[in-house]
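Next, two complexes with chain A in common: one pairs it with chain B, the other with chain C.
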Partner chain A sequence: MDKNTGFMKALKCRECGREYPLEATHVCEFDFGPLEVVYDYDRIKHSLTRAVIKSRPQSMWRYRELLPVAGEPTVGCQVGYTPLVKADRLAKRLGIRELWVKNDTVNYPTLSFKDRVVSVALSRARELGFSTVACASTGNLANSVAANAAAAGLKAYVFIPSDLEQGKVVNSLVYGAHVIGIRGHYDEVNRLCAEIAGKYGWAFVNVNMRPYYAEGSKSMGFEILEQLGWTVPQHTVVCMASGSLLTKIHKSYQEFMKLGIVAESRYKVHGAQATGCSPISTAQKAGLDFFKPVKPNTIAKSLAIGTPADGFYALKVMKETGGAAEDVTDDEVREGIKLLAETEGIFAETAGGVTVGVAKKLIASGHIPQDASAVLCITGNGLKTLDAIAGHVGQTREIKPSLREFEALLDKENKLINA
Partner chain B sequence: MAKKVRIPTPLRKLTHDEEIVEVTSDTIKGAIMELQVRFPGIQERLLDESGAIRRFVNVYVNEEDIRFLQNQETLLNEGDEISIIPAIAGG
Partner chain C sequence: MKTVKNESSKGSPRPAHVLQKSRLWLMYPPRLITTPVVWQLGQKHKVITNVRQASVTDEIGIVCLELEGRRADIKAAIRWMTNLGISVEPVEINIIES
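Then we have the complex of A and B:
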């Protein structure tokens, strides 16, 4: 393995194809197109096989040839390999033959899929010699950058909208990160960070480290394929903020097919948004290949990106695979959270409620046929967004520590149920 | 009547490292043409072959995305600030 670049060859503009060295840079100087890592697939084919993967520890790094670090990872070595749960009870409620939940609510260490991208971004940032890392975040990314930077001894600056859920704010502060609340929505935080990143020599994971960072999401897709016994699911439902995760799930399926790790097969990738911030699903439903930016207004704050950077590519993936997009209201988001919790014992954050709610709609409308098999990508933990659902899940009933009072309560409730 | 344009890092080679450039045009379209005259080559970085703003270029007037205004026809007033920013990833 080449000591300096591993299995990476270059960065390449997705728009015009111009190549750039493997540095901390994310935008083509010519047309502003996003840069993407180019791999040496011929060498990877000789190095990465099912047997090799199975011989490695159960983390996202068992697919390391397809992740953009030059040497061995040094940050987040235990991230990933979250459970793929066969969700029979939820399948029954949604009216589909077979359903799986890819459960990143229990990802290590900060309970969201963002640990995957941060593990890659910080490992690569270290290789490139950075000692300060930063991010613009709707919350989950801030948590993950703060925690992983602390564990790696890196200095962290995280920028978030100042109105985020308390759970996500505390979850960044506790690790000793510099947390900056911006009075504005995520798109404004993003714009500021683009300007800050141009000025300071920091590794901004989703700005100048983006080509490496974004690739980490592929590990969620690789794990799904392995956990399904090296097969590709017919349908995958993915929530969309910038649209990046959806495109990377697609890329992971393509790469495993190209390398012969799974057989060539047809599949559809579907996109899920909240109605209060649905630029991508609105464009998809209208048959457009471009989106119109919106001002977000939804409880699904982790998906509240009105100007989705990968929206164009997400639309392209849905079109190419025959996938559909749909969006759900705040009430439907809460119902989705409750449905997943009550049927499968999994407490997802608002983005998970979006995915479940959209899956329900796509099954009802026939975009996902009832006799099919589908995977839902659940990306974050409900303990972080308690504010969104508190007051909507019933209340505790208080009694004295008395058997008589308990029996009276039970009797009353049974009567209510039978009434 | 002067308006300020903030030049993003990828374009500063063209503006000889100038971060803020003043223009006098009354629309975004005019401002881009004015920039092209002073910094040849900048127009093709911002506009595609059809003359539309490139897909991954975001233009803001006083922090408002011009797609919420009148795109390239958006009118500019004295003291307005124009930012040109590449699209960036989610978080």
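Then we have the complex of A and C:
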């Protein structure tokens, strides 16, 4: 293994194929297409086997040859290897033979799949000599950058819209990150962040580190394949914000098949969005290979990206694999959250409600056959979006400290149930 | 004077007269698809326009554009396009993630 590049070969433009050195850069100078890491699969084939993977600690780094770091990871070494839960009770409710939930609500340390991408970006940033990291975020990404940077001793700048809820701000401030609130419309804030990222010599995780950062999502796919006993699920349902996660789940399946770690299989990757921000699912349902930007209006804030950067590539993956896309209303999102919680004891954030709601629709419409097996990718913890379901999950019944009152209440409730 | 960004200039205030580059994705609504927006932009604002990619269909026009000029002129050019109804995003598109 090359100590400067590991098993990576180059950065490559996804549009024109031009190659670039493995630096902190993200856009092709020729056509401004996004850059992606390419690997030396011939060498990886000799190093990465099922036995090697199984011999390593249970974290996302057990697949490190396929992650973009040159040496040993130095940030987020405990991230990943979250449970793949066999969801029999949910399967019964959704009317499908076999269902699995990939549960990143318990990912370490900040309870979302973002810890995967951030630990890769920060590990690579260190290798490239950065001491300051940054991101622009409204939630999970900010929390993850702040926490992982703190643990690694890196200085962190987090840019947020100034009107962000206090709870989300606290979740970044507590780690000692420099949190900068920017006043203005989303588009203005977005453009300023691009300018800041270009001007300062920092590792901006989702800008100049993006080719490395995005690769971290593949670990979720690798884990699914291993936890399913080295087989590829027939159907995978993934929520879409920028669309990046869906493309990387696909890439992970492709890479394990290419390396012979799992057998060649046919599979479908399906995309899930909220109706209030559904540029990709709308395009997919209309049979288009491009999306139209929208103004987001949904409780699923973590998916509220009206102009998804990887939307085009997500559409391509769904087309290639024969997958479908659907979207769900805010009420259906809440129902999805409750259904997952009540059947499997997993409390997901709104994006998880989107995934469950869309899976329900895809099964009902036959896009996912009832006799099939499917995996739902659940990306973040419900404790982060309590406001979205407060007032929609029933309420407590109060009694005096009296056994008689308690028994009267039970009797009343039993009568209601049996009525 | 034209300068090229490098490590040493990063983080320091840039003089007002210095030229800079901005890389953008423009998305046109259908009513503007046949309008020569990029030409008009060059006429109305002191910016150099350089198209790097474009895709035009009946429903949407997508142009990847590099603008070069003084910061104030670039900002005015972006404001002019957004007022026309064009969606103007940085080349990275959505930097603010959840």
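As a working rule, the second predicted complex is superposed on the first by the 402 of 419 C-alpha atoms of A that agree within 3 Å, B and C clash if a C-alpha of one lies under 4 Å from a C-alpha of the other, contacts with A are read in each partner's own complex, and residues count from 1 in each chain.
Throughout what follows, a contact is a pair of C-beta atoms (placed from the backbone, for glycine too) under 8 Å apart; a residue touches a chain by one contact, two chains touch by 3 or more.
On a predicted model such as this, the values are computed, not experimentally measured, just so you know.
Superposition model on chain A: chain B and chain C are shown in a clashing arrangement. Once the two complexes are laid over each other on the shared chain, residue contacts for A:191 go to chain B and to chain C alike. Contacts of A:214 after superposition: chain B is touched, whereas chain C is not reached. By the document's definition of touching, of the two partners only chain C reaches A:201; chain B does not.
When the shared chain is aligned, chain B comes close enough to touch A:243, but chain C does not. Of the two partner chains placed by superposition, only chain C is touched by A:304; chain B is not.
Of the two partner chains placed by the overlay, neither chain B nor chain C lies in contact with A:183.
Once the two complexes are laid over each other on the shared chain, residue contacts for A:266 go to neither chain B nor chain C. In the overlay built on the shared chain, the residue A:136 is in contact with chain B and with chain C. Of the two partner chains, both chain B and chain C are touched by A:30. In the superposition on chain A, chain A positions 15, 26-27, 30-33, 135-138, 140-141, 186-187, 190-191, 193-195, 198, 206-207, 210, 241-242, 290, 292-293, 305, 307-309 are in contact with chain B in one complex as well as with chain C in the other. Contact residues on chain A toward chain C in their complex (touch as defined above): 15, 26-27, 30-33, 135-141, 159, 161, 186-187, 189-191, 193-195, 197-201, 206-207, 210, 241-242, 288, 290, 292-293, 301-305, 307-309, 351. Chain A meets chain B in the complex at residues 15, 26-34, 114, 135-138, 140-142, 186-188, 190-191, 193-195, 198, 205-207, 210, 213-214, 241-245, 290, 292-293, 295, 305, 307-310, 312. For chain B in complex with chain A, the touching residues are 6, 8-11, 13, 45, 48, 54-58, 60, 63, 65, 67-68, 83, 85-91.
Across the complex, chain C meets chain A through its residues 5, 7, 10-11, 14, 22-23, 25, 27, 52-53, 55, 57, 59-60, 62, 64, 66, 78, 82, 87-98.
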